[in-house]
Amino acid sequence: MASLAAALPSPANPARGAPRAHPFRRLLRRRGAAVGLVIVVFFVLLALLAPAVSPYDPLATSWTAIRKAPNSAHWFGTDEIGRDVLSRVVWGTRASLLAGVVSVLISLSIGVPIGLIAGYAGGKVDMLISRLTDAVLACPFLILAIALAAFLGPSLTNAMIAIGVSATPVFVRLTRGQTMAIKAEDFILAARAIGNPPWRVALRHVLPNVVPALIVQGTLAIAAAVIAEASLSFLGLGQQPPAPSWGSMLNTAKNYVDNAPWMAVWPGLSIFVLVLSFNLVGDGLRDALDPRQT
Amino acid sequence: MLTFLVPRIATIVPTLVFVSMLIFGLQQLLPGDPAVVLAGEDRDPDVVAYLRQKLHLDEPLPVRYLYWIKGVVHGDFGESQRMQKPVLALIVEKLPVTLELAAMAILIALLIGIPAGIISAVRRNSAWDYAANVVALWGLSTPNFWLGIMLILLFSVTLGWLPASGFVSPFEDLRGNLAALIMPAFVLGNAIAAVLMRHTRSAMLQVLSSDYVRTARAKGLPERDVILKHALRNALIPVITLGALELGTLLSGAVLTEQVFTIPGFGKLIVDAVFNRDYAVVQGVVLFTATAYIVLNLFADIAYVIVNPQIRAQ
Amino acid sequence: MATAHRTVRLGIALGLAAGLAGAAHAQTLRIGLAEDPDVLDPTLARTFVGRVVFAALCDKLFDIDEKLNIVPQLATSYEWSADSKALTLKLRAGVTFHDGEKFDAAAAKFNIERHKTMAGSNRRGELALVTTVDVVDPGTVRLNLSAPFAPLLAQLADRAGMMVSPKAALADGDKFGAKPVCSGPFRFVERVAQDRIVLERYANYWNKGEIHVDKVIYLPIVDATVRLANLKSGQLDFIERMAASDVPGLKSDARFKISKITEIGYQGITINVGKSDLAQKNPLGRDPRVREAFELALDREGIVQVAMDGEAAVGNQWVAPDNPYYAKNVPIPKRDVARAKALLKEAGVPNPSFTLMTPTNTDQQKIAQVVQAMVKEAGFDMKIQSTEFATSLDMADKGQYDAYVLAWSGRADPDGNIFSFDACKQPLNYAGYCKPEVDDILNKSRTTRDAAERRKLFEQLAAIALKDRPIVYLYHRHWLWAYTNKLSGLRAVPDGLVRVQGLKFN
């Protein structure tokens, strides 16, 4: 499917374009991206420091404080078995961040090598890989993830695997497209001409040039993966009780939206803000790393 | 054109074969004995044994696959064991619902996405651009099941303006139909609006810097005409072809949206079937949607080639 | 005198107005169901929610009243033979099926035989002891049994007693459920899978005086919040199984009414005591003292308050404490953490560790979390393993679990709540419990029809099985129905079915 490859950002080719500021500095110069980065860092710190930051034990139940509205003791209120919602939101950051990052790492570690092989080898290998990729892409992403998560059994780890595997074809296609484009560049032809073995050319010369596009896509994929984890947890296929995750909190909260809306509002908002900031960073990265798009 | 088209169409066959194997494998490997689930609360061993035999569950996986694929080739997608209804009949019954929902979602997406894209391209780096960007990011960043619940809470429970769920046929009651679909269509549409807005923005930026727009401006045409008549028309083509690829997003989104709003369409059909181990339904419906996706992709590719002759040359 | 006249006249005028209004726009009752029913064929049907629809669609030989008494429906009376091996039923005269066919002894015989012989029948087990059916005369039929079977009447008051039109059944075969033809107060109009089931009033219903609405539409809406929102916004007139947490909020809303009654089913925790080798590897499955400690660590009132918002009756048996067959010799134990700790010490495992498997359903996860917090105080290290329902059944069936949160919707006769769970090798005996003396008592309770005698047998059973604890029973939920205050005449029957007879809009 030529169209998708064409629609993706072109590789950042160091040989082209005038000298520019360091990409990271360029990233920070964009206000949205900078804000996004700050929020992401904030959530990462929250996840790391959860034990110190959260006011209560996220698992501590209290039969006398069931579904209490936000108050001075419980800023975000309490849940259906009297646990502090704020503490659960704080601890839930771990699940969401982990799910986002790990599932994308899974996609990358499967998708990039396959994409490199397809793009570099071409011919029958490419044909086979491309058809397989098309097949996976043709099945709605969430259906695949649901089926995979059901197959593996509901748990956070399995949800990450399910999301990672389901999202892999996007990376296969991206890597393949970029590889094919770069393969034709002069410096690759030169590297091959001086007798470098194909694997070396692929890893040393092609891969580094694919990385910028992968970083952009990867950041945006983290955003999508956080939502996917929440969706799976919402269907009962993600993080399992009593451990908190934003999606599983929403899964429970939906039964009480009428009489305890705070249970749904905070985890939902947290997902929104985290995903938003990953999207902001992703957008900024695209602009910073891809000279053509700005 | 033909040299592009023929091999392109030829790729559909192996893709579909892979799709069918993928869905079949994933489904059949799910833990949980479908016969036990289908046997209901009593789980009478005789009934379980009967169902196992009826569903060929005791035979090896490849044999079961052949049973299924043989039926599919003959137009028989099997039967829902839970609802005792042919899968094809279910598809025919649910397709209009999901199509209407999808059409409304796309309409909403177009109404939000295209103007927002135009504005942000024309008023680049202005407050308008940022505002449009915020709209786009909002659409991409809200989990749609959460948005659905919040909308139900606001418009159905608190304000009582819209029905909380369900589906009414437009032929029975058009107003009721629109009232029931507006919230789910918005939930689905706002994510796609974001994508459309981005495509529109970048396509517009490209077109606006092109020679003929410069010429049109030089001729002294009013800016309004330049943008709406000249630039937009050219920018929309890639937007629409790229938009067609959002069908996959739409279907994934429909899965949860239909669940939240209890809309009897494809998404709900598939999810309920996965949890009830109603294999024939999952396999049939996913195969159908995958085929639709692949065919639409083909159309998008063809359209893309028509408007972009350079690709043909590659 | 004058005022009396006026009242009468006013009454007539009102009556007329009501009659006219009724004629002017047909009255439709829209009922929100908690699940989507399965196939609407009484022989093949297998879900609880399907029975809710059948209550309006298919009449049965008998019905159950609020006090769980068996009352006549299509059968007007019954008589057991002296050896309890033949049941003679007098059938109601003048009953027709929705296709106009007559209901008579031949039709009844056809139906019992269909239940017994149709491929995939879910009724075969329920009617296993019925050997033959004789048509005595057009209004009388006799069921011959291979052995006495006390729960038979209760079975005939459920799906096994539902009568469908033989003509339609023969014509449609296994597709009958797509267009069922019965003899209930409402006839089938259409069904859109996962969306709605539409029934309309059957003009020739034998008891039409009790039917006051013209149409019933069942809409499956799984999410309790959304179901309630639909009731509040007027899209539904009636919802079944409302969430307990929504009760206080709705009570304060004068537009709606809530009815409730304790269910005949139960919520419990099944423990693997012998289903697989796993039972011996775990202190909970191996040692009855550990199970006793587990039960003593539970505060049932607390569980009901937290997990069910108080909308359940605590219980410790397969029937609720107000059931006539509740074994009074084994009362609900009080929570006693000290004693639980002592028992664990005695068993040599002060901190036994085990895993509680629970379906991913949020209600059952809540129970698991509450139980986890409670038994922790006695020293238990309980882990929760959420498993998708379909998978959890499979694991339970294979014995790949330590303990399992599982509910049962209940049957009118206590036999339906205990036999298949506690008798050796029965299909629902996930605990793997097997004791000859228990089987003996269970079989005896099936052959005797004398209530006092059966009560005594159930007491003997309770003394053994509730000590062995293959299942720790927790509570019996309240069926919670919410409906518009314009509706009246709802009968709250513990089986949880919605009987349309008597329901009317004011």
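Letters A, B and C mark the chains as written, and numbering starts fresh at 1 in each.
By definition in this document, a residue touches a chain if its C-beta (ideal position, glycine included) is under 8 Å from a C-beta of that chain, and two chains touch if they have at least 3 such contacts.
The structure presented is a predicted model; accordingly, all values stated were derived computationally and were not measured.
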item	value
Other chains in touch with both chain A and chain B	C
Chain pair with more C-beta contacts, A-C versus B-C	B-C
From chain B, the most remote chain by mean C-alpha position	C
Rounded Å distance between chain A and chain B, as computed from the means of their C-alpha atoms	21
Mean-CA-position distance for chain C and chain B (Å)	39
Centre distance in Å when chain A and chain C are each reduced to the mean of their C-alpha atoms	46
Multi-partner residues of chain C (at least 2 other chains)	223, 225, 229, 388, 391
Touching two or more other chains - residues of chain A	150, 153, 235, 254, 257-258
Two or more partner chains touched - positions in chain B	30-31, 149, 152, 157, 275
Residues on chain C engaged by chain A in the complex (per definition of touch)	223-225, 228-229, 243, 245-246, 248-249, 302, 305-307, 360-362, 365-366, 368-370, 372-373, 384-388, 391
In the complex with chain C, residue positions of chain A that touch it	61, 63, 66-67, 80-82, 150, 153-154, 235-237, 240-242, 251-252, 254-260
Chain B-touching residues of chain C, taken from the complex the two chains share	36, 38-39, 41, 44-48, 119-122, 124-125, 174-175, 177-178, 192-195, 219-223, 225-226, 229-230, 232-233, 235, 388-391, 393-394, 397, 408-409, 420, 427-428
Chain A residues within the chain B interface of the complex	1-4, 6-7, 32, 130-132, 134-144, 146-148, 150-151, 153, 223, 227, 230-231, 234-235, 247, 250, 254, 257-258, 261, 264, 268, 271-272, 275-276, 279-280, 283, 293
Chain B - residues contacting chain C, complex	30-34, 36-48, 50-51, 54, 80, 82-85, 90, 93-94, 149, 152, 156-157, 160, 162-167, 260-262, 264, 268-269, 272, 275-277
